[in-house]
Every structure is written in C-alpha cells, then in structure tokens.
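Presented sequentially are two complexes of chain A, the first with chain B as partner and the second with chain C.
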Partner chain A sequence: MFDTIIISIVILLLLIGLFFTVAGTIGFVRFPDFYSRMHATGKCDTLGEGLMLLALIIYMIGYEGIFKGDLVHALFISIKIILLILFILLANPTSTHAIAKAAHDVGLQPWKKTDETQWMNDMETDEVTNGGETG
Partner chain B sequence: MTGLIHMPDFFLFVAVIIVIASFVSLYRGIEGPGIFNRIIAVNVIGTKTIVLLVLIGFIYQRQDFFDIALVYAILNFIMTIAATRY
Partner chain C sequence: MNIKYIFITFLILFTFWILLSAHFDILHVGSGIVCCAIVAYASHDLLFTGTQNHGLTKTTRFIAYLPWLTYQIVIANIDVARRALSPSMPIDPHIFTFKTKLKSDVARTALANSITLTPGTVTVDIIDDVFYVHAIAKEPAEDLLEGTMERKVAHIFMEDVT
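And now, the complex of A and B:
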C-alpha cells in the first residue's frame, strides 16, 4: 500500500516535470524573439528539472531506503541530489540574467507587436542583422 | 517492485523524452539567429543533460553518475558565465 503511494507520487512528479520541460522546449523553438525565448526556457527548465530531481529523491528515500533497508546509502545519494537541486536553483536564473544582460548591453532590441506584414518583414531582416552584428 | 510497473522502464521513458526535447532545442542552436540563441541552447541542453545523467545513474544502479552530474552542473554554469562575460 505504502509502496504504491510512493510510486504514484514519483510518477506524478516525473510527469509534471516532463510537461514543464517539453513546454519550455516548445516555447524555445516557437517564440519569435530572443528575450521571449529566454522567458520560456529560464523558468520552465528550472521548475521542470527541480520537480524531476525531487521525484528521484522521493523514490530513493521511500523505495530504496525503506523497502530495501539501505537507508544510509539512500541518504548519501539523496544529499547529492539535494545539492544538485540547490545548485540548479541558484545557477539557472543567474545564467539567464547574465545572458539577458549581455544581450541588452550589446544592443539587441526587444520584439514589438505590429501588424502581420510588418512582422514578416521584421523576422526576415532580424535574422540578417542579428547574425551580422552579434555573431 | 510493485508488479504494476517496472520503475527503471519508466525512468528510461522519461530519459528518452528528455533526449528528444534536447534534440528539438538543438535545432534552435544550429538555426537560431545570432550568438545569444546559441548560448541559450547550450545552457538548456546542459541543464537537460544533468537530469539525464541522474536518470542514467538510477537506471543502471551506478553511483558515479551523480558526481558526474554535479561536476557537469558546475561546468555548465561557469561556461555560460564565461561566454556571456567575454
């Protein structure tokens, strides 16, 4: 019974984390602008991967630790994964901020919403100018 | 195991989805205009690789992969900071 509850929580958290990761990837490919792509990836990746690692911690302590009776070993591994989660929560927003600040300093303009034909022209010229001036 | 589901198989399923997602974001890394899209693509794929390494460690029951994942996280962060600073 307890076994089934633990496994269910682990599967639920893994699926939610997978959903956020896939949504962040779709946003990263489909969004029109550099800043909005960063908006998609910076948050979705942090949350999704935090949730997946949390699910693995619960699996490690609840299943391997309690049912197989190897609690010390399970605690060592889950301490490593907790350090990994803390590092991701610290480092991922920091690197997102650093990329955004570097792009702002170089002078990349944010995308503004205009009418359709103007948007098409902007997309075409955007690739040329961005590739030229920042690459 | 519960008999209902074999847990390493489910971890393998999650790992395959993550690999597909990182290949999809590799498209933006190759195609994307400018250097900054490529830096984000490197950052995103690196963060997905951390979870992938931990999942591989769970699938094969090897403890070395968690240390490798920690070192990979630190390297990924330093690489992004260095690429944006200079």
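And now, the complex of A and C:
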C-alpha cells in the first residue's frame, strides 16, 4: 500500500514536470523571435526539471529508503539531487541572461507586435524610457 | 592571519567532498583531506572577500526570500506555458529599461536573476544602474515596475531604495 502511494506521487510529479518541459518546447517552436524563445526555454525548464528531480528525491527516500530500508544510501543520493536543483536554479537564469545579452550586444532587434510608443503609453508608470533601440 | 578563513573554507569543501563521494574508506577520505587542504590554502580569498557586514542577517533574509521566489517561478512557468499553448498566442514582446536604486553588485545580480526567473521578463543587459529587460507582454513589465521585487532584494542586502 505504502509503496503504491509513493510511486503514484512520483508518477504524478514526473507527468507535471513533463507537461512544463513539453510546453516550453512547444513555445520554443511557436514563438516568433529569439528573445521570446528565451522565455519559453529559460523558464519552463526550471520548473519542469525541478519537479522531475523532486520526484526522484521522493522515490529515493520513500521507496528505496523507507520501503526497502536503505535509508543512508537514499539520503546521500537525495542530497546530490538537491544540489542539482540548486545548480539548475542558479545556472538557468544566468545562462539565459548570457545568451540574451550576447544577442543584444550584436544588435538583434526584438520582434514587435505593437508600436513602440503605443506600448510605452499603455504602461502606467513614468519611470520608463525608450531603450529598445540601443544596440 | 587568514588561518580562520582557510579553516572555514576547508570545512565547507570537505563537507561537500563527503556528500559527493559517500565513501568512508581511508583512500577516499584521505585524498579528500589532501585535496581540500590544497584548494582551501590556494583559494580561500575567493570565498571571503574583504569585509563582510551583517553576513548572517543577509543569509537569513535570503533564505526567507526563497519561498516567495519559488512561488514566483511557479507562476512564471504557468504563465509561459499558457502563452505557448493557447492558440491565439497572446504575446507582445518589447525591450524596456528601468533604473535601479540598488548599489552593490551582489544585490544587482540577485535582482537580475530574480527578474529572469519570474513571470514574463528576462534581463538582457545591465549598464551601470540601468537594467535592459525583455518583457513578453505588457502585464509582466507593469508588475516588475511596481517594484515589489526590488524592495524585497533591497531588504535582503540592507539597502535603501525609497
């Protein structure tokens, strides 16, 4: 009974993680330009991979550790997976920013649906200055 | 004179070594001690740079910031997944700029990474105190310009942004 519950939670988390990863990939194909594709891949991967690794932690501690009784081994592997999650949390936005900055530095213009001034006027705050055209 | 910092660096490195190796025989632990000692001696000044003010308070506040950031990451993912999957694809991307009042490099890095992780915005460039941010639609940009995140980051690093 116990192992069935654990495995069910693991499968559920894996499926949610898979959903976000697939959504990110679909966004990567559908979005019109480089910068908006960054949004799809840079964000959905963070949560998708995080949920999948969380599922692995629950599997290790719940199934291998408590159900099969090898808790020390399971805890060491879980700590390694937690380190992986922290690394992804740190590396994903950093690499996304690095690639976006490289594109901005060479002067790649973002795809726009509406006019620049209209977009700025719609924004409610006055702190905004027109900065999209610098390269 | 730096023996305290070398020792703390050694402890952190050796804990990390034990966690990653998970072997407790004489060969693995022994080579771990030797390697960690050499690395701690050579690069302890990378971990402890100059004077650290209120290091413990900042660390505590940063850990308290993480649940809110995780919540924002979940919202960001649902938001992007919705925009990617919906047939009409409601995106309206632009690059906009805003000025930050944060002073230190660490605080600006934390803000930039938080912007990239949270809904619909990616930090493209930082030139002095001007952030170039690419937003996928209007609403995320408006949320960012309300300044909630900047205030939270400023609170962590004890800076005044008002």
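As a convention for this text, the second predicted complex is superposed on the first by the 113 of 135 C-alpha atoms of A that agree within 3 Å, B and C clash if a C-alpha of one lies under 4 Å from a C-alpha of the other, contacts with A are read in each partner's own complex, and residues count from 1 in each chain.
Heads up, the rule we're going with is that a residue touches a chain if its C-beta (ideal position, glycine included) is under 8 Å from a C-beta of that chain, and two chains touch if they have at least 3 such contacts.
Since we're looking at a predicted model, the values are computed, not measured.
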| item | value |
| --- | --- |
| Partner chain in contact with A:18 - chain B first, chain C second, else both or neither | first |
| Partner chain in contact with A:93 - chain B first, chain C second, else both or neither | second |
| First (chain B), second (chain C), both or neither touched by A:38 | both |
| Partner chain(s) touched by A:53 [first = chain B, second = chain C, both, neither] | first |
| Partner chain(s) touched by A:7 [first = chain B, second = chain C, both, neither] | first |
| Touched partner set for A:27, first chain B, second chain C, both or neither | second |
| Touched partner set for A:104, first chain B, second chain C, both or neither | second |
| First, second, both or neither for A:80, with chain B first and chain C second | both |
| Intersection of the chain A residues that touch chain B with those that touch chain C | 24, 26, 38, 80, 83, 92, 94, 96, 101, 103, 127, 131, 134 |
| In the complex with chain A, residue positions of chain B that touch it | 2, 4-5, 7, 10, 14, 17-18, 21-22, 24-25, 27-28, 33-37, 39-41, 43-44, 47-48, 50-51, 54-55, 58, 63, 66-67, 69-70, 73-74, 76-77, 80-81, 84-85 |
| Chain A to chain C touching residues, read off their complex | 19-20, 23-24, 26-27, 30-33, 35-36, 38-40, 42-44, 46-48, 73, 76, 79-80, 83, 89-90, 92-94, 96-97, 100-101, 103-105, 110-114, 116, 119-120, 122-125, 127-129, 131-132, 134 |
| Interfacial residue positions of chain A with respect to chain B in the complex | 3-4, 7, 10-11, 14, 18, 21-22, 24-26, 28-29, 34, 37-38, 41, 45, 49, 52-53, 56, 59-60, 63, 77, 80-81, 83-84, 87-88, 91-92, 94-96, 98-99, 101-103, 106, 108, 126-127, 130-131, 134-135 |
| Chain A-facing residues of chain C, complex | 19-20, 22, 73-74, 76-77, 80-81, 83-85, 89, 91-99, 112-113, 116-117, 120, 122-125, 130, 132, 134, 136, 138, 141-142, 145-146 |
